[in-house]
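Here is the structure we will look at.
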Amino acid sequence: MQTILSIAIDAFAYGMALFIICIGLSLTMGLMRVVNLAHGAFAMIAGYIASYAARDLGLGYAIAIFLAIIGTVVISIPLERLLYRRIYGSPELTQVLMTIGITFCIIGITNYFFGPTLKTIPLPESLSQPVDLGIRTIAGHRLFVMACGVLVAVGLWYLIEKTDFGIKLRATVDNAAMADALGVRTPVIYAISFAIAIGLAALGGVVGAEFLPIEPYYALRYMVTFLVVVSVGGAGSIPGAVVACLLLGAIDTTGRYLMPEFGNFFFYAAVIAIVCVFPRGFFGRAQ
Amino acid sequence: MKVSRKLLGAAIGALLAGTVSSYADTIKVGIIGPFSGPFALQGKNFQAGVEAYMALNGKSVKGHDVEVIYRDLPAANPAQSRALAQELVVKDKVQYLGGVYFTPDAMAITPLLKQANVPLVIFNAATSAIMTQSPLVVRTSFTTAQTTTPLGKVAVDEGVKKVITIVSDYGPGVDAENAFKKAFEAAGGKVVEAIRMPMNTTDFSPIMQRVRDSGAEGLFAFLPSGPPTLGFAKAYSETGLKKAGIKFYAPGDLTQESDLPALGDAAEGLKTTFHYAVSHDSPENKKFVEAATKAIGSAEQLSFPSVGAYDGMHVIYKMIEATDGKQDAQKAVDAVKGLSWTSPRGPVSIDAETRHITENIYLREVAKGADGKTYNKEIQTFPNQKDPGLATQ
Amino acid sequence: MPSVGGRWLRDVIGVLLIVAAGLAGYWLFPDNLALLTRVIAVALLVLSLDLITGYCGVASLGQASLFGAGAYASGIACVNGVTEPLTLIAIGAVAGAMAGLLMGTIMLRAHGLAQLVLSIAIVQLFHEAANKASAYTGGSDGLSGLMVSPLFGMFEFDLWGRTAYLFGLALLVGVFIALKFIVSSPFGMLCRGIKQDPVRIRAMGAYVFPVLLKMFVISGAVAGTGGALAAISTQVVGLDSVSFELSANALVMLVLGGLGTLYGALVGTVIFMGFEHIVSAINPFHWMTMVGALLIAVVLVAPGGLSGLSERIFQSGKSMKGGRR
């Protein structure tokens, strides 16, 4: 029983780290209908900024996170204006290719500036202590990640369901032309949503750096994972993303515990099974 | 008159012979290593070792200039490895092949050595079986079996009777697991569980949970050096295993000097066995570290692949000397069988039968130096260790 | 609309050009034949991808599963005693076809993004399976030391790779001609129709699933042939032949050259791998940036890839001349 609880805690922590990164992608894909394979690249950029700020400049962890989010969003703005705007509404293959191209460029440039080695983000004293939960000891940082994940989920839900912006966003998603005709400034909505999505990716990249280490190939290596998670949960759905992250996180963690030799096998087998049964993901919208 | 003409002829002949043999030709050496990607630092170390050797011993051997050609192989990719080796031999016309970080890459090159008439001097790839693939392979690094075996007895001596082994699921990992189990059980210990995890694992918490569940008193681990070892060592201390008193044993790949800064205090106290520590106290090592640090640029980045490359170049130079610059792979390899010298790591020799390097293995502990930085401190020496993996074959 | 006879002539000239280019490669780069043979093997992979993506509209980031299936099948056969090269190619093709059947059955259940994700999951599964079954596949060490007996008993597969290259070239031309026949057949037309409008095809009375599945099998056979060729010529089979990276690269090469023309697949492969060889040697990360920039450029400027671009140039050339179409 203790083992099951222990695995559950690990799975929850990993799932939450994935969630924070993937929810942004889910929103981009579901609400804006853009397959953004460069999502992981933005998380990576944030990780690099945070690492540089915390390690080389010696700033605090909280400031590093803040700088990382701001920095990544700022970098994403010109990309959105110049490149992403051209592919809204394009066929999926085109979006895939464009965003893969952006990812490759970001990897190359990152390596050029930061070198090929792994970058760590030094944690503050308070978070690096192991915390004794009675049943097991857990790295304090993992509790922090779980807390962040829950906050993000609740915050997003509130934003989309209860605020003015949320109403306009949902209207634009359901029928952009109509919303536009009714006076909703859709380009602004898109731009803000994109910024939120990238900001979340940035947050996830920084806090998830313990699970997903920051190095130039990060963008490509975990892109598959992010894409898969979003497809399983259903693009555009917050509950879907939560369920998918937790479920896949649990399958992956349990698989690694019970049969480490098989590694990713269970993860991908589960993905195939789920996608075959739910082709649009758990809570995906019918297109 | 006739006598003086003969003398004159002989003198001219001697002069001509002299000028012909002093005509400088270039011997090309092809080095294959990871110069980009996640293991780029290891490739950089290869280059530093090569350049350090050439800085201290000159760029020519017996009148033959040595030219080094580097080819990048970022990851274990047998097909690309073979393509690069083939290109080096056919197009660049190298006389010697060196380097190779990963085992699969070495395995892919061995079939073409005979036809190419080129020997391969391995600077790193650490699986025992490579040497049996071709008689033209010489290795100046180590094997995981070689560095791991002394650890078995060390664990038992420290009172640890039950150990769980955790290795990455690939050639050297399996070698390490087998070598440790053999040595540990021969000394009276018992391996309670053996876990093999995939190479790309980044989250080690479930594994650490398994460690706890197994009731072992210690764990033995092996992962490829670089990002994976960093995560593993951190997980060990973060999940409280270190505090719970579960001892950590691993070969030195896990505490290589270039990773120690990132590990920080979490690494303190970790015991590892390895063939080389940058802190090794000997005049040869002092000279080497100075030259290699100059070549690599930053003292923090210096690590064990550099000494493998350094000694590899030594072997290649001796081969060139023995064949006088002519391309004869078998003659070159025969010439270095049994060769012994004092390397920066300690006294070494090339075993005549296995063509693998015999060397001292050291037990080290990660300690804090006077400058506050952690380093590998040698606390025990196991002299003249051969490769036990090959001895059994 | 060019007449059928005109298109026939264009294809014959096309094939002759391919043969000529191949022979030119043989004479011009005698020291690089190993690389060129690998280019041919990958070209077969990209051709197979063109069949399902260019002609059937099924995007896939997992084509390397079929390539790898062929490579490992012929590699395992070779290690176990089957060393005749033509047999090995046949084994590779059959293995690829079976893998294609499996992959098609799974992938065709979904559409759009889900389909893409399935293709990724499948290639990763194949990768894990190949890694796990190390007793047969050598795992991450790879399957090495494949000793292939001389072709027709006479031509040895040596270090300089002459036999391998000419063998590969012959294979490529043969497969290409066969594929040209297939895509211009009624079957091929049906596939293109499905790509454009599956609903209409169904309304016509044709079944979509069996047709696409058949194309998957053919595609698998072609990819498997490429994999077997790679195994024979490099004498090594590694996990990279069944990797996501190879699949993604194949898609990039195809897009670069242009979808749906078969020629585009060849052009894209040659250019991509040629550049990779040159630029990668200088600095591999600059290579990534270059490919990324190239992809973005292709999407923005030349959605039809290079062959689309050249066609547009020809069209505009014709209309500028004001000549007959």
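By letter and in written order, the chains are A, B and C; residue numbering begins at 1 in each of them.
The rule is simple: contacts are C-beta pairs under 8 Å (C-beta built on N, C-alpha and C of every residue); 3 or more make two chains touch, one makes a residue touch a chain.
Please read all numbers here as calculations on a predicted model, not as lab measurements.
Trainee: Any idea which two chains share the most contacting C-beta pairs?
Mentor: That would be the chain pair A-C.
Trainee: Would you kindly say which chain has the C-alpha centre located farthest from the C-alpha centre of chain C?
Mentor: Relative to chain C, the chain whose C-alpha centre sits farthest away is B.
Trainee: Using the average of all C-alpha atoms in each chain as its centre, how far is it in Å between chain A and chain C?
Mentor: Distance between chain centres: 33 Å.
Trainee: What whole-Å value do you get for the distance between chain B and chain C if each is reduced to the mean of its CA atoms?
Mentor: Measuring from centre to centre gives 39 Å for this pair.
Trainee: Check each residue of chain C and list the ones that touch at least two other chains.
Mentor: Each of 128, 131, 285 in chain C touches at least two other chains.
Trainee: Show the residues in chain A shared as contacts by 2 or more other chains, in ascending order.
Mentor: Correct list: 111, 116, 261-264.
Trainee: When you check chain B against every other chain, which residues touch at least two of them?
Mentor: 36-37, 169, 198
Trainee: Would you tell me which residues of chain A are touching chain C in their complex?
Mentor: Residues 29, 35, 83, 86-87, 92-94, 96-98, 100-109, 111-112, 116, 216, 220, 224, 227-228, 231-232, 235, 261-265, 268-269, 271-272, 275-276, 279-281, 287 of chain A touch chain C in their complex.
Trainee: Mind listing the chain A positions that touch chain B in their complex?
Mentor: Touch list, chain A to chain B: 3, 6-7, 10, 13-14, 111, 115-118, 120, 128, 130, 132, 136-139, 141-142, 210-213, 215, 217, 253-254, 256-257, 260-264.
Trainee: Touching residues of chain B toward chain A in the complex: what are they?
Mentor: 36-38, 40-41, 169, 195-198, 200-203, 205-207, 209-210, 212-213, 226-227, 230-231, 234, 237-240, 243, 262
Trainee: Any idea which chain C residues touch chain A in the complex?
Mentor: It comes out as residues 53, 59, 106, 109-114, 116-118, 120-122, 124-125, 128-129, 131-132, 244-245, 248, 251-252, 255, 285-296, 298-300, 303.
Trainee: Show which residues of chain B lie in contact with chain C when the two form their complex.
Mentor: 36-37, 71-72, 74, 76-83, 86-87, 89-91, 103-104, 107-108, 110-112, 115-116, 127, 133, 169-171, 198-199
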